[in-house]
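Below is one structure, written out as C-alpha coordinates; the observations come after it.
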Amino acid sequence: MPKLTAHTITTLIRGTVPSAEQGQFTVLNVNAKSAECVLIYDDSQLRFGGTLSGPTMMTLADAAMYAAVLAHYGEQLLAVTQDFSIHFLSKPAATDLHATATILKAGKRSVVLTVHLYSQQQLVAHASGTYALPRSA
Amino acid sequence: MPKLTAHTITTLIRGTVPSAEQGQFTVLNVNAKSAECVLIYDDSQLRFGGTLSGPTMMTLADAAMYAAVLAHYGEQLLAVTQDFSIHFLSKPAATDLHATATILKAGKRSVVLTVHLYSQQQLVAHASGTYALPRSA
Amino acid sequence: MPKLTAHTITTLIRGTVPSAEQGQFTVLNVNAKSAECVLIYDDSQLRFGGTLSGPTMMTLADAAMYAAVLAHYGEQLLAVTQDFSIHFLSKPAATDLHATATILKAGKRSVVLTVHLYSQQQLVAHASGTYALPRSA
Amino acid sequence: MPKLTAHTITTLIRGTVPSAEQGQFTVLNVNAKSAECVLIYDDSQLRFGGTLSGPTMMTLADAAMYAAVLAHYGEQLLAVTQDFSIHFLSKPAATDLHATATILKAGKRSVVLTVHLYSQQQLVAHASGTYALPRSA
(Lines give C-alpha, C1' and ligand atoms only; values in the text may rest on other atoms or scores of the structure.)
Protein backbone atom coordinates (compact mmCIF):
# COMPACT_ATOMS: atom_id res chain seq x y z
CA MET A 1 0.00 0.00 0.00
CA PRO A 2 1.30 3.49 -0.78
CA LYS A 3 1.86 5.71 2.27
CA LEU A 4 0.40 8.82 0.61
CA THR A 5 -2.34 9.34 -1.96
CA ALA A 6 -1.77 10.57 -5.51
CA HIS A 7 -3.55 13.78 -4.57
CA THR A 8 -1.34 14.45 -1.53
CA ILE A 9 1.83 13.73 -3.50
CA THR A 10 0.71 16.07 -6.27
CA THR A 11 0.27 18.85 -3.73
CA LEU A 12 3.63 18.15 -2.06
CA ILE A 13 5.56 18.08 -5.35
CA ARG A 14 3.84 21.16 -6.76
CA GLY A 15 5.11 22.88 -3.64
CA THR A 16 8.72 21.82 -4.15
CA VAL A 17 9.48 21.30 -7.85
CA PRO A 18 9.48 24.69 -9.57
CA SER A 19 8.31 23.50 -12.96
CA ALA A 20 5.45 21.58 -11.32
CA GLU A 21 4.07 24.48 -9.38
CA GLN A 22 1.97 26.04 -12.11
CA GLY A 23 -0.38 23.11 -11.79
CA GLN A 24 0.84 21.31 -14.90
CA PHE A 25 2.24 18.31 -13.02
CA THR A 26 -0.24 15.79 -11.62
CA VAL A 27 0.20 12.36 -10.06
CA LEU A 28 -2.58 10.20 -11.48
CA ASN A 29 -2.06 6.93 -9.64
CA VAL A 30 0.35 5.47 -7.11
CA ASN A 31 0.95 2.14 -5.52
CA ALA A 32 3.71 1.01 -3.17
CA LYS A 33 6.19 0.56 -6.02
CA SER A 34 5.22 3.00 -8.75
CA ALA A 35 3.70 6.32 -9.69
CA GLU A 36 1.92 7.34 -12.86
CA CYS A 37 2.08 11.06 -13.65
CA VAL A 38 1.19 13.54 -16.35
CA LEU A 39 2.57 16.92 -17.38
CA ILE A 40 -0.13 19.02 -18.99
CA TYR A 41 1.08 20.61 -22.22
CA ASP A 42 2.12 24.24 -22.24
CA ASP A 43 3.91 26.24 -24.97
CA SER A 44 6.85 26.92 -22.67
CA GLN A 45 7.80 23.22 -22.96
CA LEU A 46 8.60 23.46 -26.68
CA ARG A 47 12.02 23.67 -28.23
CA PHE A 48 13.18 24.49 -31.76
CA GLY A 49 11.51 22.04 -34.13
CA GLY A 50 8.15 22.10 -32.35
CA THR A 51 8.74 19.17 -30.01
CA LEU A 52 8.98 19.04 -26.21
CA SER A 53 12.41 20.00 -24.92
CA GLY A 54 14.81 17.50 -23.35
CA PRO A 55 14.80 19.35 -20.00
CA THR A 56 10.99 19.16 -19.97
CA MET A 57 11.22 15.38 -20.26
CA MET A 58 13.99 15.14 -17.66
CA THR A 59 12.05 17.34 -15.26
CA LEU A 60 8.95 15.15 -15.55
CA ALA A 61 11.03 11.95 -15.19
CA ASP A 62 12.65 13.30 -12.04
CA ALA A 63 9.34 14.41 -10.56
CA ALA A 64 7.80 11.00 -11.31
CA MET A 65 10.67 9.26 -9.49
CA TYR A 66 10.15 11.62 -6.56
CA ALA A 67 6.42 10.77 -6.56
CA ALA A 68 7.19 7.03 -6.40
CA VAL A 69 9.65 7.62 -3.55
CA LEU A 70 7.07 9.61 -1.57
CA ALA A 71 4.42 6.94 -2.21
CA HIS A 72 6.73 4.25 -0.88
CA TYR A 73 8.43 6.00 2.04
CA GLY A 74 5.91 8.67 3.03
CA GLU A 75 6.66 12.37 3.40
CA GLN A 76 10.46 12.17 2.92
CA LEU A 77 10.69 15.54 1.21
CA LEU A 78 14.46 15.71 1.68
CA ALA A 79 15.02 12.70 -0.56
CA VAL A 80 17.23 13.97 -3.41
CA THR A 81 18.32 12.73 -6.80
CA GLN A 82 21.76 11.16 -6.56
CA ASP A 83 22.22 10.09 -10.17
CA PHE A 84 20.02 10.18 -13.25
CA SER A 85 20.42 8.71 -16.72
CA ILE A 86 18.10 9.02 -19.72
CA HIS A 87 17.86 7.85 -23.31
CA PHE A 88 15.66 9.86 -25.66
CA LEU A 89 13.91 7.64 -28.19
CA SER A 90 11.73 9.94 -30.24
CA LYS A 91 10.56 13.53 -30.22
CA PRO A 92 7.32 14.05 -28.33
CA ALA A 93 4.64 16.14 -30.00
CA ALA A 94 3.20 19.31 -28.51
CA THR A 95 0.80 17.55 -26.17
CA ASP A 96 0.55 16.08 -22.65
CA LEU A 97 3.46 13.91 -21.57
CA HIS A 98 2.96 10.84 -19.37
CA ALA A 99 5.47 9.15 -17.06
CA THR A 100 5.47 5.96 -15.05
CA ALA A 101 8.19 5.62 -12.42
CA THR A 102 8.85 2.19 -10.95
CA ILE A 103 10.97 1.29 -7.92
CA LEU A 104 13.49 -1.45 -8.72
CA LYS A 105 15.04 -1.50 -5.29
CA ALA A 106 13.90 0.26 -2.13
CA GLY A 107 16.86 0.36 0.25
CA LYS A 108 17.43 2.12 3.54
CA ARG A 109 19.90 4.63 2.17
CA SER A 110 18.80 4.87 -1.45
CA VAL A 111 16.17 3.87 -3.99
CA VAL A 112 16.77 2.82 -7.59
CA LEU A 113 14.04 3.54 -10.11
CA THR A 114 13.25 3.47 -13.82
CA VAL A 115 10.91 5.79 -15.67
CA HIS A 116 9.10 5.29 -18.93
CA LEU A 117 7.91 8.46 -20.67
CA TYR A 118 5.01 8.28 -23.09
CA SER A 119 3.55 10.70 -25.60
CA GLN A 120 0.33 9.68 -27.32
CA GLN A 121 0.73 6.12 -25.94
CA GLN A 122 4.19 5.79 -27.48
CA LEU A 123 7.41 5.35 -25.48
CA VAL A 124 9.51 8.49 -26.09
CA ALA A 125 12.22 8.20 -23.41
CA HIS A 126 13.54 5.79 -20.80
CA ALA A 127 15.33 6.91 -17.65
CA SER A 128 16.83 5.35 -14.56
CA GLY A 129 18.21 6.91 -11.42
CA THR A 130 18.86 6.80 -7.72
CA TYR A 131 17.26 8.85 -4.97
CA ALA A 132 19.21 9.22 -1.74
CA LEU A 133 17.12 9.14 1.42
CA PRO A 134 17.79 11.45 4.35
CA ARG A 135 19.58 9.67 7.18
CA SER A 136 16.57 9.75 9.46
CA ALA A 137 14.44 7.93 6.88
CA MET B 1 37.89 28.71 -33.52
CA PRO B 2 34.24 28.60 -32.51
CA LYS B 3 31.75 29.11 -35.37
CA LEU B 4 29.48 31.39 -33.35
CA THR B 5 30.10 33.90 -30.57
CA ALA B 6 28.97 33.45 -26.97
CA HIS B 7 26.51 36.30 -27.50
CA THR B 8 24.94 34.74 -30.60
CA ILE B 9 24.63 31.35 -28.90
CA THR B 10 23.01 32.93 -25.86
CA THR B 11 20.41 34.52 -28.12
CA LEU B 12 19.80 31.30 -30.05
CA ILE B 13 19.40 29.18 -26.91
CA ARG B 14 17.21 31.69 -25.11
CA GLY B 15 14.95 31.40 -28.13
CA THR B 16 14.73 27.61 -27.97
CA VAL B 17 15.17 26.37 -24.40
CA PRO B 18 12.11 27.37 -22.37
CA SER B 19 13.84 27.73 -19.03
CA ALA B 20 16.51 29.91 -20.62
CA GLU B 21 14.17 32.39 -22.19
CA GLN B 22 13.64 34.64 -19.20
CA GLY B 23 17.18 35.87 -19.64
CA GLN B 24 18.65 33.83 -16.81
CA PHE B 25 20.82 31.69 -19.06
CA THR B 26 23.95 33.24 -20.52
CA VAL B 27 26.89 31.83 -22.43
CA LEU B 28 29.97 33.55 -21.05
CA ASN B 29 32.74 32.10 -23.20
CA VAL B 30 33.12 29.59 -25.99
CA ASN B 31 35.92 28.03 -27.90
CA ALA B 32 35.88 25.28 -30.52
CA LYS B 33 35.59 22.55 -27.90
CA SER B 34 33.85 24.04 -24.89
CA ALA B 35 31.30 26.50 -23.56
CA GLU B 36 31.17 28.23 -20.20
CA CYS B 37 27.69 29.28 -19.09
CA VAL B 38 25.85 30.73 -16.12
CA LEU B 39 22.29 30.49 -14.87
CA ILE B 40 21.36 33.58 -12.91
CA TYR B 41 19.65 32.71 -9.65
CA ASP B 42 15.90 32.97 -9.36
CA ASP B 43 13.58 31.72 -6.57
CA SER B 44 11.77 29.43 -8.97
CA GLN B 45 14.92 27.25 -9.10
CA LEU B 46 14.65 26.24 -5.44
CA ARG B 47 13.38 22.96 -4.10
CA PHE B 48 12.41 21.84 -0.59
CA GLY B 49 15.44 22.35 1.65
CA GLY B 50 16.43 25.67 0.11
CA THR B 51 18.84 24.33 -2.52
CA LEU B 52 18.64 24.42 -6.32
CA SER B 53 16.45 21.65 -7.73
CA GLY B 54 17.84 18.70 -9.68
CA PRO B 55 15.92 19.64 -12.83
CA THR B 56 17.42 23.15 -12.64
CA MET B 57 20.89 21.62 -12.72
CA MET B 58 19.98 19.18 -15.49
CA THR B 59 18.47 21.97 -17.56
CA LEU B 60 21.60 24.08 -17.27
CA ALA B 61 23.84 21.08 -18.06
CA ASP B 62 21.82 20.30 -21.16
CA ALA B 63 21.85 23.92 -22.32
CA ALA B 64 25.61 24.13 -21.79
CA MET B 65 26.13 21.01 -23.94
CA TYR B 66 23.92 22.57 -26.60
CA ALA B 67 26.01 25.76 -26.43
CA ALA B 68 29.23 23.79 -26.99
CA VAL B 69 27.63 21.95 -29.93
CA LEU B 70 26.56 25.23 -31.55
CA ALA B 71 30.01 26.73 -30.98
CA HIS B 72 31.64 23.77 -32.69
CA TYR B 73 29.23 23.05 -35.55
CA GLY B 74 27.55 26.40 -36.12
CA GLU B 75 23.81 27.00 -36.20
CA GLN B 76 22.70 23.33 -35.98
CA LEU B 77 19.58 24.12 -34.00
CA LEU B 78 18.07 20.69 -34.69
CA ALA B 79 20.83 18.93 -32.77
CA VAL B 80 19.06 17.04 -29.97
CA THR B 81 20.06 15.28 -26.78
CA GLN B 82 20.30 11.55 -27.38
CA ASP B 83 21.37 10.43 -23.92
CA PHE B 84 22.25 12.24 -20.72
CA SER B 85 23.70 11.06 -17.43
CA ILE B 86 24.40 13.06 -14.27
CA HIS B 87 25.81 12.56 -10.79
CA PHE B 88 24.85 15.09 -8.13
CA LEU B 89 27.70 15.73 -5.71
CA SER B 90 26.43 18.35 -3.31
CA LYS B 91 23.47 20.67 -2.94
CA PRO B 92 24.00 24.07 -4.56
CA ALA B 93 23.08 27.12 -2.54
CA ALA B 94 20.52 29.70 -3.65
CA THR B 95 22.86 31.57 -5.96
CA ASP B 96 24.09 31.61 -9.58
CA LEU B 97 25.04 28.25 -11.05
CA HIS B 98 27.95 27.87 -13.48
CA ALA B 99 28.52 25.16 -16.09
CA THR B 100 31.37 24.25 -18.38
CA ALA B 101 30.58 21.82 -21.20
CA THR B 102 33.47 20.17 -23.01
CA ILE B 103 33.37 18.16 -26.24
CA LEU B 104 35.11 14.80 -25.85
CA LYS B 105 34.40 13.63 -29.37
CA ALA B 106 32.96 15.59 -32.28
CA GLY B 107 31.68 13.08 -34.82
CA LYS B 108 29.63 13.43 -37.96
CA ARG B 109 26.50 11.85 -36.52
CA SER B 110 26.89 12.64 -32.85
CA VAL B 111 28.90 14.53 -30.24
CA VAL B 112 29.91 13.27 -26.80
CA LEU B 113 30.34 15.84 -24.04
CA THR B 114 30.91 16.22 -20.33
CA VAL B 115 29.67 19.04 -18.13
CA HIS B 116 30.98 20.28 -14.80
CA LEU B 117 28.54 22.31 -12.72
CA TYR B 118 29.86 24.73 -10.14
CA SER B 119 28.27 26.70 -7.34
CA GLN B 120 30.46 29.21 -5.52
CA GLN B 121 33.56 27.74 -7.22
CA GLN B 122 32.75 24.24 -5.95
CA LEU B 123 31.92 21.28 -8.20
CA VAL B 124 28.30 20.32 -7.45
CA ALA B 125 27.46 17.95 -10.31
CA HIS B 126 29.09 16.12 -13.20
CA ALA B 127 27.22 15.12 -16.34
CA SER B 128 27.95 13.44 -19.65
CA GLY B 129 25.83 12.97 -22.71
CA THR B 130 25.46 12.66 -26.45
CA TYR B 131 23.93 15.11 -28.88
CA ALA B 132 22.70 13.72 -32.18
CA LEU B 133 23.31 15.93 -35.19
CA PRO B 134 20.73 16.37 -37.93
CA ARG B 135 21.59 14.33 -41.01
CA SER B 136 22.45 17.38 -43.06
CA ALA B 137 25.06 18.50 -40.52
CA MET C 1 10.60 -12.66 -36.40
CA PRO C 2 14.27 -12.71 -35.38
CA LYS C 3 16.75 -12.83 -38.29
CA LEU C 4 19.03 -15.37 -36.58
CA THR C 5 18.39 -18.24 -34.18
CA ALA C 6 19.52 -18.29 -30.55
CA HIS C 7 21.96 -21.04 -31.46
CA THR C 8 23.56 -19.06 -34.31
CA ILE C 9 23.85 -15.93 -32.16
CA THR C 10 25.48 -17.92 -29.36
CA THR C 11 28.09 -19.18 -31.80
CA LEU C 12 28.70 -15.71 -33.26
CA ILE C 13 29.09 -14.04 -29.87
CA ARG C 14 31.29 -16.79 -28.42
CA GLY C 15 33.54 -16.06 -31.38
CA THR C 16 33.75 -12.34 -30.68
CA VAL C 17 33.30 -11.62 -26.97
CA PRO C 18 36.36 -12.86 -25.09
CA SER C 19 34.62 -13.73 -21.84
CA ALA C 20 31.96 -15.64 -23.76
CA GLU C 21 34.33 -17.87 -25.64
CA GLN C 22 34.84 -20.50 -22.98
CA GLY C 23 31.30 -21.67 -23.58
CA GLN C 24 29.83 -20.04 -20.51
CA PHE C 25 27.64 -17.61 -22.44
CA THR C 26 24.52 -18.96 -24.11
CA VAL C 27 21.58 -17.29 -25.80
CA LEU C 28 18.50 -19.20 -24.68
CA ASN C 29 15.73 -17.47 -26.63
CA VAL C 30 15.37 -14.60 -29.06
CA ASN C 31 12.55 -12.79 -30.74
CA ALA C 32 12.61 -9.71 -32.96
CA LYS C 33 12.86 -7.35 -29.98
CA SER C 34 14.62 -9.26 -27.20
CA ALA C 35 17.16 -11.89 -26.22
CA GLU C 36 17.27 -14.05 -23.12
CA CYS C 37 20.76 -15.23 -22.16
CA VAL C 38 22.60 -17.08 -19.41
CA LEU C 39 26.16 -17.00 -18.13
CA ILE C 40 27.08 -20.35 -16.60
CA TYR C 41 28.77 -19.91 -13.24
CA ASP C 42 32.53 -20.21 -12.99
CA ASP C 43 34.83 -19.37 -10.04
CA SER C 44 36.65 -16.75 -12.10
CA GLN C 45 33.51 -14.58 -11.95
CA LEU C 46 33.75 -14.08 -8.18
CA ARG C 47 35.03 -11.01 -6.41
CA PHE C 48 35.97 -10.38 -2.76
CA GLY C 49 32.94 -11.19 -0.63
CA GLY C 50 31.96 -14.28 -2.60
CA THR C 51 29.57 -12.59 -5.04
CA LEU C 52 29.77 -12.16 -8.81
CA SER C 53 31.96 -9.21 -9.82
CA GLY C 54 30.57 -6.03 -11.34
CA PRO C 55 32.50 -6.54 -14.61
CA THR C 56 31.01 -10.04 -14.89
CA MET C 57 27.53 -8.52 -14.78
CA MET C 58 28.45 -5.71 -17.18
CA THR C 59 29.98 -8.18 -19.61
CA LEU C 60 26.83 -10.33 -19.61
CA ALA C 61 24.60 -7.26 -19.99
CA ASP C 62 26.64 -6.05 -22.96
CA ALA C 63 26.61 -9.48 -24.61
CA ALA C 64 22.84 -9.76 -24.12
CA MET C 65 22.33 -6.38 -25.82
CA TYR C 66 24.54 -7.56 -28.68
CA ALA C 67 22.46 -10.74 -28.95
CA ALA C 68 19.24 -8.71 -29.23
CA VAL C 69 20.83 -6.49 -31.90
CA LEU C 70 21.93 -9.51 -33.95
CA ALA C 71 18.48 -11.09 -33.59
CA HIS C 72 16.84 -7.92 -34.89
CA TYR C 73 19.26 -6.79 -37.61
CA GLY C 74 20.95 -10.05 -38.65
CA GLU C 75 24.69 -10.61 -38.78
CA GLN C 76 25.79 -7.01 -38.06
CA LEU C 77 28.92 -8.06 -36.20
CA LEU C 78 30.42 -4.58 -36.40
CA ALA C 79 27.65 -3.11 -34.28
CA VAL C 80 29.40 -1.61 -31.23
CA THR C 81 28.39 -0.31 -27.84
CA GLN C 82 28.15 3.48 -27.92
CA ASP C 83 27.07 4.11 -24.35
CA PHE C 84 26.19 1.89 -21.42
CA SER C 85 24.72 2.60 -18.01
CA ILE C 86 24.01 0.18 -15.16
CA HIS C 87 22.60 0.20 -11.64
CA PHE C 88 23.55 -2.66 -9.35
CA LEU C 89 20.70 -3.63 -7.04
CA SER C 90 21.95 -6.58 -5.03
CA LYS C 91 24.92 -8.93 -4.96
CA PRO C 92 24.40 -12.06 -7.03
CA ALA C 93 25.32 -15.38 -5.44
CA ALA C 94 27.89 -17.77 -6.89
CA THR C 95 25.56 -19.29 -9.45
CA ASP C 96 24.34 -18.84 -13.04
CA LEU C 97 23.38 -15.30 -14.04
CA HIS C 98 20.49 -14.60 -16.41
CA ALA C 99 19.92 -11.55 -18.62
CA THR C 100 17.07 -10.34 -20.78
CA ALA C 101 17.88 -7.56 -23.24
CA THR C 102 14.99 -5.67 -24.81
CA ILE C 103 15.08 -3.24 -27.72
CA LEU C 104 13.33 0.04 -26.89
CA LYS C 105 14.06 1.68 -30.22
CA ALA C 106 15.51 0.13 -33.36
CA GLY C 107 16.79 2.96 -35.53
CA LYS C 108 18.85 3.05 -38.69
CA ARG C 109 21.97 4.42 -37.04
CA SER C 110 21.57 3.13 -33.50
CA VAL C 111 19.56 0.92 -31.20
CA VAL C 112 18.55 1.67 -27.61
CA LEU C 113 18.10 -1.25 -25.24
CA THR C 114 17.52 -2.13 -21.60
CA VAL C 115 18.77 -5.22 -19.82
CA HIS C 116 17.44 -6.89 -16.69
CA LEU C 117 19.89 -9.20 -14.90
CA TYR C 118 18.55 -11.96 -12.68
CA SER C 119 20.15 -14.28 -10.16
CA GLN C 120 17.95 -17.00 -8.72
CA GLN C 121 14.87 -15.33 -10.23
CA GLN C 122 15.66 -12.05 -8.47
CA LEU C 123 16.49 -8.79 -10.28
CA VAL C 124 20.11 -7.95 -9.39
CA ALA C 125 20.96 -5.20 -11.90
CA HIS C 126 19.34 -3.00 -14.52
CA ALA C 127 21.21 -1.58 -17.49
CA SER C 128 20.50 0.52 -20.54
CA GLY C 129 22.61 1.40 -23.52
CA THR C 130 22.99 2.24 -27.17
CA TYR C 131 24.53 0.14 -29.91
CA ALA C 132 25.77 1.99 -32.99
CA LEU C 133 25.16 0.20 -36.28
CA PRO C 134 27.76 0.17 -39.05
CA ARG C 135 26.92 2.61 -41.83
CA SER C 136 26.09 -0.14 -44.29
CA ALA C 137 23.46 -1.62 -41.95
CA MET D 1 48.38 11.19 0.81
CA PRO D 2 47.06 7.84 -0.44
CA LYS D 3 46.48 5.22 2.28
CA LEU D 4 47.97 2.37 0.22
CA THR D 5 50.71 2.21 -2.39
CA ALA D 6 50.14 1.46 -6.07
CA HIS D 7 51.91 -1.85 -5.56
CA THR D 8 49.69 -2.93 -2.66
CA ILE D 9 46.54 -1.95 -4.52
CA THR D 10 47.66 -3.89 -7.59
CA THR D 11 48.09 -6.98 -5.44
CA LEU D 12 44.74 -6.51 -3.70
CA ILE D 13 42.83 -6.00 -6.95
CA ARG D 14 44.54 -8.85 -8.77
CA GLY D 15 43.27 -11.00 -5.94
CA THR D 16 39.66 -9.86 -6.27
CA VAL D 17 38.90 -8.85 -9.86
CA PRO D 18 38.89 -11.97 -12.04
CA SER D 19 40.10 -10.34 -15.22
CA ALA D 20 42.93 -8.66 -13.35
CA GLU D 21 44.34 -11.80 -11.81
CA GLN D 22 46.44 -12.93 -14.75
CA GLY D 23 48.80 -10.08 -14.03
CA GLN D 24 47.58 -7.87 -16.85
CA PHE D 25 46.18 -5.19 -14.58
CA THR D 26 48.63 -2.87 -12.85
CA VAL D 27 48.20 0.30 -10.82
CA LEU D 28 50.98 2.64 -11.92
CA ASN D 29 50.46 5.65 -9.65
CA VAL D 30 48.04 6.75 -6.97
CA ASN D 31 47.42 9.83 -4.95
CA ALA D 32 44.66 10.64 -2.47
CA LYS D 33 42.18 11.46 -5.23
CA SER D 34 43.17 9.42 -8.28
CA ALA D 35 44.68 6.23 -9.65
CA GLU D 36 46.48 5.67 -12.92
CA CYS D 37 46.32 2.09 -14.21
CA VAL D 38 47.23 -0.01 -17.23
CA LEU D 39 45.85 -3.20 -18.72
CA ILE D 40 48.56 -5.06 -20.59
CA TYR D 41 47.36 -6.20 -24.00
CA ASP D 42 46.32 -9.79 -24.53
CA ASP D 43 44.54 -11.41 -27.51
CA SER D 44 41.59 -12.39 -25.34
CA GLN D 45 40.65 -8.68 -25.10
CA LEU D 46 39.85 -8.42 -28.81
CA ARG D 47 36.43 -8.39 -30.38
CA PHE D 48 35.29 -8.75 -34.00
CA GLY D 49 36.96 -5.99 -36.02
CA GLY D 50 40.32 -6.28 -34.26
CA THR D 51 39.73 -3.70 -31.54
CA LEU D 52 39.49 -4.08 -27.77
CA SER D 53 36.05 -5.23 -26.63
CA GLY D 54 33.63 -2.98 -24.74
CA PRO D 55 33.65 -5.26 -21.68
CA THR D 56 37.46 -5.08 -21.61
CA MET D 57 37.23 -1.30 -21.37
CA MET D 58 34.44 -1.42 -18.77
CA THR D 59 36.39 -3.91 -16.68
CA LEU D 60 39.47 -1.70 -16.67
CA ALA D 61 37.40 1.40 -15.88
CA ASP D 62 35.76 -0.36 -12.95
CA ALA D 63 39.08 -1.65 -11.63
CA ALA D 64 40.61 1.83 -11.89
CA MET D 65 37.74 3.30 -9.87
CA TYR D 66 38.25 0.57 -7.27
CA ALA D 67 41.97 1.43 -7.15
CA ALA D 68 41.20 5.10 -6.49
CA VAL D 69 38.73 4.12 -3.74
CA LEU D 70 41.31 1.89 -2.04
CA ALA D 71 43.96 4.61 -2.33
CA HIS D 72 41.65 7.11 -0.64
CA TYR D 73 39.93 4.97 2.01
CA GLY D 74 42.45 2.19 2.62
CA GLU D 75 41.70 -1.52 2.48
CA GLN D 76 37.89 -1.25 2.01
CA LEU D 77 37.68 -4.37 -0.12
CA LEU D 78 33.90 -4.60 0.31
CA ALA D 79 33.35 -1.32 -1.50
CA VAL D 80 31.15 -2.19 -4.50
CA THR D 81 30.08 -0.49 -7.70
CA GLN D 82 26.64 1.02 -7.26
CA ASP D 83 26.19 2.56 -10.68
CA PHE D 84 28.40 2.90 -13.73
CA SER D 85 28.01 4.82 -16.97
CA ILE D 86 30.34 4.91 -19.97
CA HIS D 87 30.59 6.57 -23.38
CA PHE D 88 32.80 4.92 -25.98
CA LEU D 89 34.55 7.47 -28.18
CA SER D 90 36.73 5.48 -30.53
CA LYS D 91 37.90 1.91 -30.99
CA PRO D 92 41.14 1.14 -29.18
CA ALA D 93 43.82 -0.71 -31.12
CA ALA D 94 45.27 -4.06 -30.05
CA THR D 95 47.66 -2.64 -27.50
CA ASP D 96 47.88 -1.65 -23.82
CA LEU D 97 44.98 0.35 -22.45
CA HIS D 98 45.47 3.09 -19.85
CA ALA D 99 42.95 4.46 -17.34
CA THR D 100 42.94 7.33 -14.91
CA ALA D 101 40.22 7.30 -12.26
CA THR D 102 39.55 10.52 -10.35
CA ILE D 103 37.43 10.99 -7.24
CA LEU D 104 34.91 13.81 -7.66
CA LYS D 105 33.33 13.39 -4.24
CA ALA D 106 34.47 11.22 -1.36
CA GLY D 107 31.51 10.80 0.98
CA LYS D 108 30.91 8.62 4.00
CA ARG D 109 28.46 6.31 2.29
CA SER D 110 29.58 6.56 -1.32
CA VAL D 111 32.21 7.89 -3.69
CA VAL D 112 31.63 9.42 -7.12
CA LEU D 113 34.36 9.05 -9.72
CA THR D 114 35.15 9.63 -13.37
CA VAL D 115 37.49 7.57 -15.52
CA HIS D 116 39.33 8.53 -18.68
CA LEU D 117 40.52 5.62 -20.83
CA TYR D 118 43.43 6.14 -23.20
CA SER D 119 44.89 4.07 -26.02
CA GLN D 120 48.12 5.34 -27.57
CA GLN D 121 47.70 8.67 -25.72
CA GLN D 122 44.25 9.20 -27.20
CA LEU D 123 41.04 9.37 -25.17
CA VAL D 124 38.92 6.33 -26.20
CA ALA D 125 36.23 6.25 -23.50
CA HIS D 126 34.89 8.28 -20.60
CA ALA D 127 33.11 6.74 -17.64
CA SER D 128 31.57 7.85 -14.37
CA GLY D 129 30.20 5.89 -11.48
CA THR D 130 29.53 5.49 -7.80
CA TYR D 131 31.13 3.09 -5.35
CA ALA D 132 29.16 2.29 -2.20
CA LEU D 133 31.25 1.96 0.94
CA PRO D 134 30.57 -0.73 3.54
CA ARG D 135 28.78 0.68 6.59
CA SER D 136 31.80 0.28 8.82
CA ALA D 137 33.90 2.46 6.52
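Letters A, B, C and D mark the chains as written, and numbering starts fresh at 1 in each.
We take it that contacts are C-beta pairs under 8 Å (C-beta built on N, C-alpha and C of every residue); 3 or more make two chains touch, one makes a residue touch a chain.
Just so you know, these numbers come straight off a predicted model, no measurement behind them.
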{"item": "Intersection of the contact lists for chain B and chain C", "value": "A, D"}
{"item": "Most distant chain from chain C, judged by the mean position of its C-alpha atoms", "value": "B"}
{"item": "Inter-centroid spacing, chain B versus chain A (mean Cα positions, whole Å)", "value": "22"}
{"item": "Distance between chain centroids, defined by C-alpha means - chain A, chain C (Å)", "value": "28"}
{"item": "Contacts with 2+ other chains: residues of chain C", "value": "82-83, 85, 87, 130"}
{"item": "Partner chain C, residues of chain A touching it in the complex", "value": "85, 87, 89-90, 104-105, 112, 114, 123, 126, 128, 130"}
{"item": "In the complex, chain B residues that touch chain A", "value": "15-19, 21, 44-49, 53-56, 58-59, 62-63, 77-78, 80-88, 91"}
{"item": "Complex interface listing, chain B residues touching chain C", "value": "82-83, 85, 109-110, 130"}
